[in-house]
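Both of the next two complexes hold subunit A, though its partner changes from subunit B to subunit C.
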Partner chain A sequence: MTTGGRPARWTATARALPWLGPTLVLVAGVVFFPAGYMAWTSFRDLSQFGVDNGPAGFDNYARLLEFTALSRVLLNTVVWVVGVVVVTVVVSLGLAQFLDKAFPGRRFVRLTVIVPWAASVVMTTTVIYYGLDPFYGVLNAFLVDVGLLDQPYGFTRNAVPAFLTAMGIAVFVSLPFTTYTLLAGLQTIPDDVREAAQMDGAGPWAAYRRIILPLLRPALAVATIINIINVFNSLPILQVITGSIPGYNADTTTTLIFKFIRADRQIDTASALSIVNFLIVLAVILVYLKVVKPMRDDE
Partner chain B sequence: MAASVRARSPRRPLMAVAGALIALVFVLPYLIMLVGSFKSRSEILRVPPTYLPQEWVPSNYVDMWSTPETPLPYNLVSTIVISVCATLVVLAVAAPAAYYTARHRFPGRLVFLLLVLVTQMLQPTVLATGLFRQFVTLGINDTWLAMILVNSAFNLSFAVWIMHSFFAAIPRELDEAAALDGASRLQILRRVTLPLVWPGVVTAIIFTFVACWNEFAASLVILTTAENQPLSVALTKFVGQYESAWQYVFGVSIVGIVPVVILFALIEKRLVAGLTAGAVK
Partner chain C sequence: MRRLVSMTAATVAAGLALTACGFGGDDGGSGGSGDEGGATSIDLLVPQYSDGTTALWEEIIASFEDENPDVTVDLEVQSWDNINDVIRTKVQAGEAPDILNIDAFSGFAKDYLLYPADEIVSEETFGDFQESFIENASLDGTVYGLPMIASARALFYNEDVLAQAGIAEPPATWDDLLAAGTAVAALGTGVYGYGMPLGSEEAQAETSIWTFGGGGSWTDGDAITVDTPENLAAVEFMKRMIDEGATQPDPGATDRTPMLDVFVQGQIAMAVGLPPTIGQIEERNPALDYGIAPVPTQDGSPVTLGVADHLMAFRNDDDKQDAIRAFLDHFFATDTYLSFVDTEGFLPTTKSGAEGTANAERFADFLEVLPDAQFYPSTNEAWAATQGALQSLVGQIQTQDAASVLQQIQAAADNA
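== the complex of A and B ==
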């Protein structure tokens, strides 16, 4: 029994290869190889023109630690990820709850919610950047007209307000995916459980917290973790809103990588920072695999 | 049941109003875009601004293609070529893998699926530096080919997941019956299975196409020649200029957004399952 087992198992895997091969080649060549090459580059000394001047040891990583704005960039990154993800998830919980109830026009409202998801983030951000212009921006003018502002405010002119504005846009574009995932989670809760929750007599909020929210945990975990990765990797919003503000007061580690590549042409330093970001993403993926246990159907 | 419906009914008009407000918030930026795309150059920069154009200028949609900031016709062609090619590659590569992993148990299957899952959570942004280095070394930096490869590799996983779940839902007996009739494996795939998994295939095609259409980070560092850049990168050149041609930016944005929103709306119900690898249905 054991004698024939081994070769038979290998034959089964070999038979699968032609079907899986193209995927493996593409993933190995365009995902894993560049990751390895990036790790290797992070230990090399590269000129601005990309000429490899030999090994650099940990010099590129040391340069990151000596980078004067590092603490500010790290603080920004934490504020960016935690702030955007928390607000997104909380707002989406309410939105999903609302869209789960029957009301006239629900189908239409659900469709409008996916618009920022399908639209290019660059384009969405650009129109908001224009709208918030203190001189000719219509959103700024509207806020003044309805009395929320005394005079137009330069939302995108200084690092801190611009960063907060960018966070608002990041929430806006993250809401569709999050809301849809939570909505899908709500729909897995059987009707009789919901009715029982309503008849509990403990008030709608207590019933929601005690019965609905625990059942929503898997969807909540998926939405939160995928959002953490997306928001951490987000480039276009800050690129458009704060890209023309000098200095690093509105940068996250992700936007800093692109400044190293494009403005300073420091591919070696950029590689070192990318590797740090890459390891953070891998850690989040491990949490995802551990907490969410996806692919349950396949085991 | 009837009682609860009657009890809820007074709140339904209120909810419809709240729903309309939510809808307005979600489409507001795109309404500003649409209205702005019809304003004249002087009106879009007017202080204070006008909410609606005093003079509607539909000719913006013709004139915008020859704006000096960036070669927009080339940018549109780049976006289309990269998105279409990457989508075709994804389909050709993901469909066999999705089919085989749904139909056959073999050692290494779960490892393969795990690998696909991990790729889904990695994004070109975090690997942009490595991709740039790699393409420079290979001599294909600043080419469509480079971006077709990036877009296909990073969107493969969604396509594998969504098609995998459709293949897995088809009863195996159907295959076996076709096999008894003497059909080859490829014939079974084409004649029996594909028609049933068609919704999954369409979802994979649309999702991949839209993701490629909007890709920004990798294109930003890999495509340096203005003519090669997609619309997402080209449009950032207008921001931060002294007197931006916003009316053209918005015209191009409308052209770049409306088709993909319509496509996305078609697959709305199946997006979550593909993105969460079945963890949430």
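== the complex of A and C ==
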């Protein structure tokens, strides 16, 4: 493999090209072209109807930096991503552990856990939004009836409670995927490893921390990365719950992109923010990979 | 595993790109098809005013195609929520419809995309529009929009609740409104005084009603002026209404449509409504004992917010101009036009329509205030962004100082 290996591999690649071709075209068309076009847009001066008025240099990015609510939006984004992902993963670890045990009716419970995944996110969110409506929401009426509230409270009408509500829904809809990824990971851990730990005198908690969690590392990594990306880019939940709240106190960078397009009619600034968004998520994943080293082989 | 990471990175790229560019907007069959064997086809993009909108247009198109067998009209109906995104995507992709029905036309006119209005209807049709609407439909002296339907606002009030609160006359001034609102709230029956919808749906309308009512305006004829003494006084009074409990809780995040339903259910005593609100009450709670009065203003002088939606034609292909003119003349022929306006429950913008409308009596309260209507400065290029800023920011007066909120909106207007 030392001499001549390289050319041989090249010919192999060349021979594979006709078969890879359609996929590469698809990837280029669906991934690289839109991403490149967005980057190009972020350096153009676009009218509110998308007519290109020439190059803009870094004006669109400068406008972002001048945007006064930016720090609050970035903080919200951090709270949103970290909060939702951490809670989701922790709850899912528990759920997966539970579903890994044999018990009567386990199949039914496993199916139930999938439900939030199967339902449309917008539908789930809208149901809760209406339920929490202060004028006619059933959840609000219930809280008043059982005496927890004196009068209906505008959960969805103020930035902080609405944001927390949205986070709760985001956790709810993220649980099925995360739980199942972790459950699959748990099932790859052979029983003899657990038995060996038991024989060596490890208590349940020590066995979990020292044996199970390290072996779950790859599954945990997949679950976390996919969740970070999903949650970071999630628009529908926040759009439904906090969309009519004035100001930027309940916005993340993703919903801010939406507001730049819809309210401010600034397609070019929105593109610039999308690029920034893209860089942030890339940086977060790189840092995660560097610090947590989820891909490290422990054997 | 490494492959997974690079794949996920690629997925992020795709996801973000899709979010930002809005590619792949649906394209309801507007292939920009010009002549097909001598026949012309024109694309018509319209918003959905009501559940019956599509059927109404289909009827009009069918009667037009009967008279003009060589022209076909392709109809696309979009919700108000989406139509701005749809038209933006289409224009960006070079697939603008031939005829568009929407509220604002000036952005398209500024980008040189539209025919002047007098080139797309006959002289007779053009002369039939009411002057105030034509003025509102022109940009730099050229008329680009054909005023299609109009709407005005008036105060709807629940007579039972006001009587209960000891108020005999509907409020005419801001002070009356404040007094009436707090009196209703003081009843302690759970009914709120005045419904103030400052949520993102239509906060610009509610705010305009107040600023126009205080003698304010959104433009000095040239630039967009949000942060003016008159506007500030009006917004400060709005804040006072909120602070003194004369409104429903959390007006900043209350959208208009769901709030009017609460009025219809009798849980809000007063709210500013539109002509179609009458129909909604008839349909959903005919037992509601309500009245309609002019919108209260600072000193009681009549002012209202008028809104006109327009029809406009895009310069896609010059040999379609005759077909477009034929279709628009057909639409504005009095009978066809009134069938649309009366069924949708709007006010007509033509002189012949105003005489002939079947709803003259029903809409008397609105037709009466129409001469005092003021409009959004929608011909100003910066208005769209200002409207967006009003929608997403003005509700903050619930928790912030009125002056600083107006400054934020002014900044957005200056930035546009």
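What we mean here is this: the second predicted complex is superposed on the first by the 243 of 299 C-alpha atoms of A that agree within 3 Å, B and C clash if a C-alpha of one lies under 4 Å from a C-alpha of the other, contacts with A are read in each partner's own complex, and residues count from 1 in each chain.
In this section, a contact is a pair of C-beta atoms (placed from the backbone, for glycine too) under 8 Å apart; a residue touches a chain by one contact, two chains touch by 3 or more.
It should be emphasised that the depicted structure is a prediction, and the values quoted were computed from it without experimental measurement.
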| item | value |
| --- | --- |
| Joint occupancy of subunit A by subunit B and subunit C, clash or fit | clash |
| Touching partner for A:Q239 - first (subunit B), second (subunit C), both, neither | first |
| First (subunit B), second (subunit C), both or neither touched by A:S271 | both |
| First (subunit B), second (subunit C), both or neither touched by A:V121 | first |
| Partner chain(s) touched by A:Y37 [first = subunit B, second = subunit C, both, neither] | both |
| Superposition-derived comparison: subunit B or subunit C, residues of subunit A touched | B |
| Partner chain in contact with A:G57 - subunit B first, subunit C second, else both or neither | neither |
| First (subunit B), second (subunit C), both or neither touched by A:L20 | first |
| Partner chain(s) touched by A:F103 [first = subunit B, second = subunit C, both, neither] | first |
| Subunit B versus subunit C as contact partner of A:L95, first or second or both or neither | first |
| Which of subunit B and subunit C A:P204 touches, first, second, both or neither | neither |
| Residues of subunit A that lie at the interface with subunit B and also at the interface with subunit C | 27, 30-31, 34-35, 37-38, 41, 50, 135-136, 218, 222, 226, 229, 233, 235, 243-244, 254, 257-258, 261-262, 267, 270-271, 274, 277-278, 281, 285, 289, 294-295 |
| Parts of subunit A lying in touch with subunit C, wherever the complex brings them together | 27, 30-32, 34-35, 37-38, 41, 47-51, 63, 68, 133-136, 154, 156-158, 162, 218, 221-222, 225-226, 229, 233, 235, 243-247, 254, 257-259, 261-267, 270-271, 274, 277-278, 281-282, 285, 289, 294-295 |
| Subunit A-touching residues of subunit B, taken from the complex the two chains share | 12-13, 15-16, 18-20, 22-23, 26-27, 29-30, 32-33, 36, 44-49, 51, 89, 92-94, 96-97, 99-101, 104, 106-110, 112-119, 121-123, 125-134, 136-137, 149-150, 152-154, 156, 160, 168, 210, 213-214, 216-217, 220-221, 231-233, 235-236, 238-240, 244, 246, 249-250, 253, 256-257, 260-261, 263-265, 268, 271-273, 275-281 |
| Contacting residues of subunit C [partner subunit A, same complex] | 1-2, 4-5, 8-23, 84-85, 87-89, 91-92, 107-108, 110-111, 113, 198-201, 203, 248-250, 252-255, 258, 262, 265, 267, 381, 384-385, 388-389, 391-396, 398, 400, 408, 412, 415-416 |
| In the complex, subunit A residues that touch subunit B | 9-10, 12-13, 15-16, 18-20, 22-24, 26-27, 29-31, 33-39, 41, 50, 95, 98, 101-106, 108-124, 126-131, 135-139, 141-142, 175, 177, 180-181, 183-185, 188, 218-219, 222, 226, 229-230, 233-236, 239-240, 243-244, 254, 257-258, 261-262, 267, 270-271, 274, 277-278, 281, 284-285, 288-289, 292-299 |
